[in-house]
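Should a chain be cited, it is by its letter among A, B and C, assigned in written order, with residues numbered from 1 in that chain.
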Amino acid sequence: MIERKRETDFSIRKFLEKRASFVMTAPAVAFMTIMIIFPIGFTLYIMFFRWSGGAANPPFFIGLENFLNLFKDPRFSNAIMVTIYITSVGLLLQTVFGTAIALLLNESFVGRKIIRAFLLLPMMATWVATALVWRWMMYPRSGVLNFFLEKMGLPKLLWLSASATAVPSIIMIDTWQWMPLIIVIVLAGLQSLPTEPFESAKIDGANGWQMLTRITLPMLRPVIVTAMVLRTVDLIKTFDVIMSSSQGGPGYSSENLNIYIYNTGLFYFRIGYSGALLLVYFLIILIVTYIMSRQKGEISF
Amino acid sequence: MRKVLFLLLIVFLLSAGVVFAGGQKEKEAAAQITEFGWRNFEGTTIRVLANRHPWTNAVEPLLAEFTELTGIEVNLEVYPEDQFRSKRAVELISGVAEIDVTMLMPMQGGPRWISEEWAVPMDQFLNDPLLTSPEYDREDFLGAALDSEMSTTYAPKGKQYLVGMPITVENQALMYRKDIFAKYNLSVPKTVEEMYETAKWVNENVPDMVGIVMRGKRAAATSQWSSMLYTFGGSWLDENGCPAVDTPEAIAAFKMWGKLARDGSVGQELVAYHWYETTTDFSQGRSAMHWGPCNFNAIYENPEKSKVVGKVGYSRIPEGPTGKSIPYIGTWGLSIPYLSKNREAAWYFIQWATSKDLVRRLMLEHMILGGRKSAWQDPDLEKYLPKDLIEGSMASLEVAKPYNPPVIQISEVRDIVGSVIVTAIQGGDVEAAAKEANRLFATAIGKAGECR
Amino acid sequence: MTLSASKRIRTLFIWVTLAVIIIAFLFPIYWMVLSSLKTQVDNLAYPPSFFFEPTLKNYQVIFVKENYLKYIVNSTIVALGAVIFSLILGVPAAYSIVHYKQKRVALFLLLGRILPGVSVLIPWFVVYARLKLIDTYTGVIMAHMIQIFPLVVWLMITYFKEIPSSLHDQGLIDGCSIYGILQKIILPLSTPGLATAAVLAFIFSWNNFMFSLVFAQSRTMTLPIAAYKFIGYGEIDWGGITAAATVITLPVMILGLFIQRWVVQGLTLGAVKG
């Protein structure tokens, strides 16, 4: 009796042990599958159809026509341009300034921990609300930002109200919200750097600038790249900021691909076309992420 | 790897089962009703989807009265306009949501609702004496308001039906500061040219004030601009149903808009102006005129929010080169989506919300311009609304035209035309933009081949 | 110049620069909180008023009239639920991925981060409606998890990579199964990383707008949507919105301040060696 019981125990445990890699990942994989199977399936299906969302006019098969229209669509190429604009400039600013501030914060001084805590604030505040507050501050005639500019004797800016300055304003809001993330990542990376290289460099007579460029930055590279990869995907997907502040305007000057897809699907009811746009969008993100993570030499997001 | 595939297969089959299962629920046999009674449907709960609008603000506290009258519980969900539209869109497209009553702008969402058969026609309720109170009086509704709810333009003749019942009427006026005009000896402009000159003069000579504010934000501006188009003798479509936004009249209307923006208004930043910005500027005393819908009177006459209480004059919009002044009319209404499972109870809500008594109360107590003649003709009205507003509105409503072209793809077209307005304000090449817009307009409504 | 003098100038320079940065960074938050204490008239005034009579009326509206307590409860339940389930599903998966080098599984699990939110709305609404998940905590939690879960997995992967495999081998020698190793050795060591993942996931769920808008209705509506209700036709109640925004931000801020030490530690450890 006892012998048999031990045998069964043993075999269940053995099963769990042998299949540990399966058991530990199966629930996660199952969950993920359930969550994405419908959206992906639906998108891959509907992008070959023309459908306006109702049952009275059921989906109408048009083959690759949605994709052909894509290439002729000036608003699509505009959306791509805006996406590239936001992503590249945003990434540059956030990385450069984030790293610079992190370097500054690395110097030991009183109150460093508190300042670090405060710097996380923009990231934690509700983004839709803070974007709305920014929009309010950016009103050319009644906003507080122009009030300050005027007081300092500088010309007033049009911020979100002019095509040329809309995207820079959005990049500014996004940088404000997310630069803390980069600061925090790089700062902690800085604080974990070994001290020996610096000491030996000092002995060799290197000055601050040389130490920065020859030692610090190269050693920080993996950290910085990680932060960059993380932000790139989010920058491509920028949505809440734009929706709350400019809604893609003036005209279409701040409409990126995500917003365009949203408009096409839910406001124009061109579900099939938005499916085709989604596929392109998805591919773009995949490709960019792949290229970026190659920089680090391994798969990571 | 094989295990993964197996798992995927199982998940897929399960999911497919979920999606395609769930058949039609048997519709319960309707209780026998022998006569109209407000409590015939007590015990039901209805879900009402609404937009954050002064009407909603006014009706929300009154819901308890409805429940007391009918015994029907109301689950009211309110969202700001953009979010309201997208949430409603997702639920409609899904085909499986449960909405009993929703606010709908028949001239904006109406065509699509009609084409997709999303609305339950109102006539079946109106014509049923068991479901409609004898005091409802369909004739009391303003002709223009009911017309806007009618699927006239979008459904074949003989098959027209009412998409919803109107709750508010939005007609356009030129609002101006009586005190400023008096102080500087300005007269109320009779023509658009005069309005331009006045606005320009104010811009140059009155400190801290611009001449006029209007909307300039892409799609939002098109409704306000439409009356400029009509007043210049233009129209959205020509006799063949082809887009006509590149005609000389339309281009003149665009250019006037741009001129007004740059010389008589805030300048280029007008491209970001939606109702919030225009209303705030005017109610804070930063503008002498406002070309817009007159139902912001509720804000202008509210001492908690406005600095111009009692100083606002309302006039018909000035005449254009054609000698005519043609404002637009817009309405909000309540509709019953096909998704509703409590249609009779939903109809009771609509009935109550558009009843003579309630419309009158909302108009007198909250300055919400309703869609019933009896409310407009109420002798007490003059105590609450400025006289010129009342007279101007009644006159406008006779000749007002809808602010949107009679097409299904309204959102897209509004964006297309709106971007020409943006170009005009920014001082760009209006002719080229209009030609391009016309082309895109034709493509959007599926007439790329037959029209320019 | 003496060494100490140049050092002092350097410190001064750092202080000034940091001060400018901090002021610029925190100004919008300051403005937000300030505006929540003003009446609408003050909020619309130009030039903007920095000195005024403060009022708590906006907060009164929020808690009394709009009953924000309900939304706070909803947001908390949803965020906690999303975080806890993401951890339960994600931590073992992450460890398995690191230990057994399951690259393909890793890629698959991280797919959810790339998927644009828009593509999920309609298909998921259909499924949810059939399963009666609309306006339920389960439904909203699951929707939030689409975005949070990949993040948790990614963070835990980077963190687990940190832990030297010698510890794992030691556990094996001691006769533990891999589950035992995870439970007894790895998890205790990973507290900073877990805290990081939890806090970041919490922030993302707490502030989520789109999914809460579509999948929740009156019963389970969360805070960010409630805040937007102050936008009306023709007017934006700035006092109301900023008060709501402050109320929404406060819990997360406090949570963050407590755990920020670990956040910093956790975010970086993987990155440095990785």
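Please note the rule applied: a contact is a pair of C-beta atoms (placed from the backbone, for glycine too) under 8 Å apart; a residue touches a chain by one contact, two chains touch by 3 or more.
Predicted model, so just to flag it, every value in this text is computed and none were measured.
Most remote chain with respect to chain C, judged by CA-atom centres, is B.
Between the chains A-C lie more C-beta contact pairs than between any other two chains. Taking each chain's centre as the mean of its C-alpha atoms, chain A lies 36 Å from chain B.
Annotation: 14 Å between the Cα-based centres of chain A and chain C.
Of all residues in chain C, those touching 2 or more other chains are 44, 46, 105, 121-122, 126-127, 228, 236, listed in ascending order. Multi-chain contact residues of chain B, defined as those touching 2 or more other chains: 4, 15, 19, 86, 90, 93, 95, 280, 284, 286.
Under the contact definition stated at the top, the residues of chain A that touch 2 or more other chains are 29, 38, 141-142, 262, 266, 271.
On the side of chain A, the complex with chain B involves touching residues 22, 26, 29-30, 33-34, 37-38, 52-57, 139-142, 158, 160-163, 243, 246-247, 249-252, 262-263, 266-271.
By the touch rule above, chain B contacts chain C in their complex via residues 4, 15, 18-19, 21-22, 47, 51-54, 57, 75-81, 83, 86-87, 90-91, 93-97, 275-276, 279-280, 284, 286, 296, 299, 304-305.
Across the complex, chain C meets chain A through its residues 11, 14-15, 17-18, 21-22, 25-26, 28-29, 31-32, 35, 44, 46-48, 89-90, 92-93, 95-97, 99-100, 102-103, 105-124, 126-127, 142, 145-146, 149-150, 153-154, 157-158, 177-179, 203, 206-207, 209-210, 223-224, 227-228, 236, 238, 241-242, 244-245, 248-249, 252-253, 256-257, 260-261, 263-265, 267-274. Residue ranges on chain C touching chain B, taken from their complex, read 40-41, 44-46, 105, 121-122, 125-127, 129-131, 134, 213-214, 217-218, 225, 228-229, 231-236. Residues 13, 16-17, 20-21, 24-25, 27-29, 31-32, 35-36, 38-43, 101, 104-105, 107, 109, 113, 115-130, 132-134, 136-137, 141-142, 144, 147, 176, 180, 184-185, 187-189, 191-193, 222-223, 226-227, 233, 237, 239-240, 258, 261-262, 265-266, 271, 274, 278, 281-282, 285-286, 289, 296, 298-301 of chain A are the ones that touch chain C when the two sit in their complex.
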